[in-house]
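Two complexes, one shared chain (subunit A), two partners (subunit B, subunit C).
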Partner chain A sequence: MKTWVKILAVSLIVYSFIAGLLVPLGPGIKKVSPIKVVAGNQQILDIWTYNTHYSSSKPTVFLKGEHDHLLKATSVEVVGDQKIKALFNFPKITPGTPGIQDLTLVINNQKDGNSILPGALFLSTDEVSASVPQWIPLDQIKLEKATFFKFPYRKILEETIRNIYFHVSLWFAMILLFLLSMIRSIQHLRVGGIRFDQQARSYAEVGILFGMMGLVTGMLWATYTWGAPWSFDIKQNMSAVALLIYLAYFVLRSSIDDNDKKSRIAAAYNIFAFVALIPLLFVIPRLVDSLHPGNGGNPALGSDDLDNTMRMVFYPAVVGWMLMGLWMANLLYRYHRVNELFLEKANT
Partner chain B sequence: MNKRPFLNSFFLISFILFDSESIWSQEIANDFNNNIGKMYVVVGVIVLIFLGLVYFLVRMDRRLKKLEKDIPIIKQ
Partner chain C sequence: MSDFTLNQVLRYIQKDWSIDWKNKFSLGGIILYIITATFIVFLSFSNIEAEAWNSLFWIILLFGILNGVVKSFLQESGRRKLYYFQLVDPYIVLVSKVIYNFLLTLLMALITFALLSIFTANMVDEVGMFLGVIIAGSLALSIALTFISAISVQGQQSATLMAILGLPVVIPIVLTLVKLSRNTMGLVMEPTYKTDFLILGAISLILLGLSLWLFPIIWKE
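Let's look at the complex of A and B:
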């Protein structure tokens, strides 16, 4: 293995650690109270926010209703950097459809840009009209834009959105390692030779370590976002099954004494294990409901979960962990080769 | 004195990391982890990844030790 590959692996991972931890989270709205309002009333909204600087940069507060019409707060009282009170005068007549409307809360200031909370409140309204003077169309409002680098604020996720760089890239690296392991197993069956088998084994060993790390980090993350370390989500169950299949690969290896037989049976099993891995991780979780992004109608790597700032950290992290995995597998392979050569020498 | 510093700190850390009840309740709990946007979950994930790499190192160490014990030249 070339030295520059190792240097590249380490520097990419160090970059992902530094950038992934130091880039600040964008501003966000944590909570609004109350969440039900009636048209024709006055209402003071208590708003708790995250990562905002309202003491030094005065915010304007809007509620966005149907057809992109915005209602501006009559007055805003700044309680602290992360807490404000906004007074709204809801006119009797509202644009859109009668009944219950979903309102999006938008807070804008010069320092932080926009903080948005979709579905922040429900407005019940009886009378509607196409245009109401208090509700201003979106294109007539000037909003300040923030220009600094930031990761998007997501409700519930909050700072843990950074885990994407660590948790997800481990799984990506695991897939690559298992794929290489399967390729070496095929080569072993076609060409023969103990070297291919040892390579296949080393890749699978590191792959299973990465898979375990992915599972454990996922459990810690799930504790704070899904509410429990193991919620028997289809993605969790299926990845545990996939790892058990690969654990059986090593049980199989240690249960056969004859080297020739062992390597060929293990190679055949390894191909089967990878073929089973693909539906377990990528097909079955998509067919049923899942909490995990990317499954059951839950998009992953879309613009909602991964914006361009995050891509600049995420892709280097994936490449870094892949190269790191190759390096670790290379170390294991060299150990197995030396061990094998020594045993051969000792036996003759 | 504390006879099992490692064990006790392990319990303390797992208590801090896995005590999620207050965070998952409907009201936003005003606890430390929540005030800084669950940042310690990220720290915990990084620590777990580091422990995974340490596990790899320890296993490698053990295997090499066994090999060294068997090779006569290295033994002396």
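Let's look at the complex of A and C:
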């Protein structure tokens, strides 16, 4: 393996650790109270936010209704860096449709930029009109843009959004390692030679290590977002089964004494195992209800969860872990090989 | 291959059957195993629910099959195997073993179904559909486990190896089967027979293709 690949692997992983853990989270709105308002009334809204600096940079507060019309707060009282009170005067007439409307809360200031909470309030309104002077169309309002480097704030996820650089990259790297392991097994059956089998074994060993790390980081993530490390979600169960299949591969290896026979049988099982892995991880969880993103109708890696700033850390992390896996497998392979040569020498 | 292939397959199945018929304990043992397991279930559950009935049915059947299929290559050891190896094509061996195991599994499934219905109660609303699920499931399970049993006889302690290698591989199949048979018991609001049968068919086809590709390598050992 080339030296620059090793340096690249280490530096990408170090970069993903540093950037992934140190870049702050963007501003976000945690909670609003009350959540129901009636048109024609005055209402003070208590707003709790996250990672904002309202004491040093005064915010303006808007409510966005239907057809992109915004209502500006009459007055804003800053209680603390992360708490404000905003007074709204809801006019009797509202643009849009009569009945109950969903309002989006938008807080804007110079230091933090926009914080947005969709569906923050319900406004009940009877009279509607196409244009109301208090409700200003979106294109007539100037909003400040934040310029600093940040990860998006998402409800429930909050700071755990950083785990995507570790959990997801480890699983991607694991899939690559198992794939390579299968390819080496096919080569072993096609071409022969104990080398391919040793490589297949090393890839599978590192793959299972990455898989376990992926499972543990996933459990850590689930503790904070799903409420428990193991909630018997179909994706969790299937991942555990997938690791069991590969553990069985090593049991099979150790149960056969003859080296030639061992390598051929193990190669056959390895191919079988990889093919069995695909429905376990990618087909079955998609058909059943699941909490995991990408399954049971949930989106995954969409623009909501992965913005451009995150991509700048996520893709290097994936490449870094993949290269690290290849390097580890390479080292393991050489270790097995030396061991074997040593044994051969000892026998003669 | 001088002989007609289908004929060879039939002859091979016939040979397996006559061996099993000759030493009746192997076949009888599996059936007795199922009867005992069903009876234990009957004794330990005083009032069984449809949900539990369903999972117990498949669990009893799964362990019965594991015991039944593991012996399919066990009896072919030593000189006898060498004789077959020279005589027939590996594909014929695999296909006839799969068919034989399929028939064996089907028999076990029907016995389990009958016994559970007699001992506890028949929970199935759509019996015809349930029989269809049993047939599809027997086929899928026998394809997956025949190949695994061919691998596991190569190691020591093939029965343990069979369980370790086989159970994780058949989990997707068993889960799909449990879901399918839940449909036949009216436990699901909207039955999804079509997608589930498609998944089952796809998994079995993939496993069959792989077995056909890899079996000659293992058979050579």
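Note that the second predicted complex is superposed on the first by the 348 of 348 C-alpha atoms of A that agree within 3 Å, B and C clash if a C-alpha of one lies under 4 Å from a C-alpha of the other, contacts with A are read in each partner's own complex, and residues count from 1 in each chain.
Rule of thumb we're sticking to: a residue touches a chain if its C-beta (ideal position, glycine included) is under 8 Å from a C-beta of that chain, and two chains touch if they have at least 3 such contacts.
From a predicted model like this one, the values you see are computed outputs, not experimental measurements.
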Of the two partner chains, subunit B (first) and subunit C (second), which one does A:Leu331 touch, if any: first, second, both, or neither? first
After the superposition on A, what does A:Phe166 contact: first (subunit B), second (subunit C), both or neither?
first
(Q) According to the stated criteria, A:Leu189 is in contact with first (subunit B), second (subunit C), both, or neither; which is it? (A) second
Request  = Please work out whether A:Phe122 is in contact with subunit B alone, subunit C alone, both, or neither, and reply first, second, both or neither.
outcome  = neither
Chosen between subunit B and subunit C, the partner touching more subunit A residues is B
TODO: Please work out whether A:Val275 is in contact with subunit B alone, subunit C alone, both, or neither, and reply first, second, both or neither.
DONE: second
(request) For A:Phe250, decide between first (touching subunit B), second (touching subunit C), both and neither. (result) neither
Check: So, does A:Leu25 touch the first partner subunit B, the second partner subunit C, both, or neither?
Finding: first
Residue positions on subunit A within touch of subunit C in the complex are 189, 238, 241-242, 244-245, 248, 251-252, 255-257, 261, 264-265, 267-269, 271-273, 275-276, 279-280, 283-284, 287
Per the touch rule, the subunit A residues reaching subunit B in their complex are 17, 21, 25, 30-31, 48, 50-51, 158-160, 162-163, 166-167, 170, 206, 209-210, 212-213, 216-217, 220-221, 223-224, 227-229, 328, 331-332, 335, 338-339, 342, 346
Interface with subunit A, subunit B side, in the complex: residues 17-18, 20, 23-24, 28, 36-39, 41-42, 44-46, 48-49, 52, 55-56, 60, 63-64, 67, 70-71
Subunit C residues touching subunit A in their complex are 147, 151-152, 154-157, 161, 164-165, 167-169, 171-172, 175-176, 195, 199, 202-203, 206-207, 210, 214, 217-218, 220-221
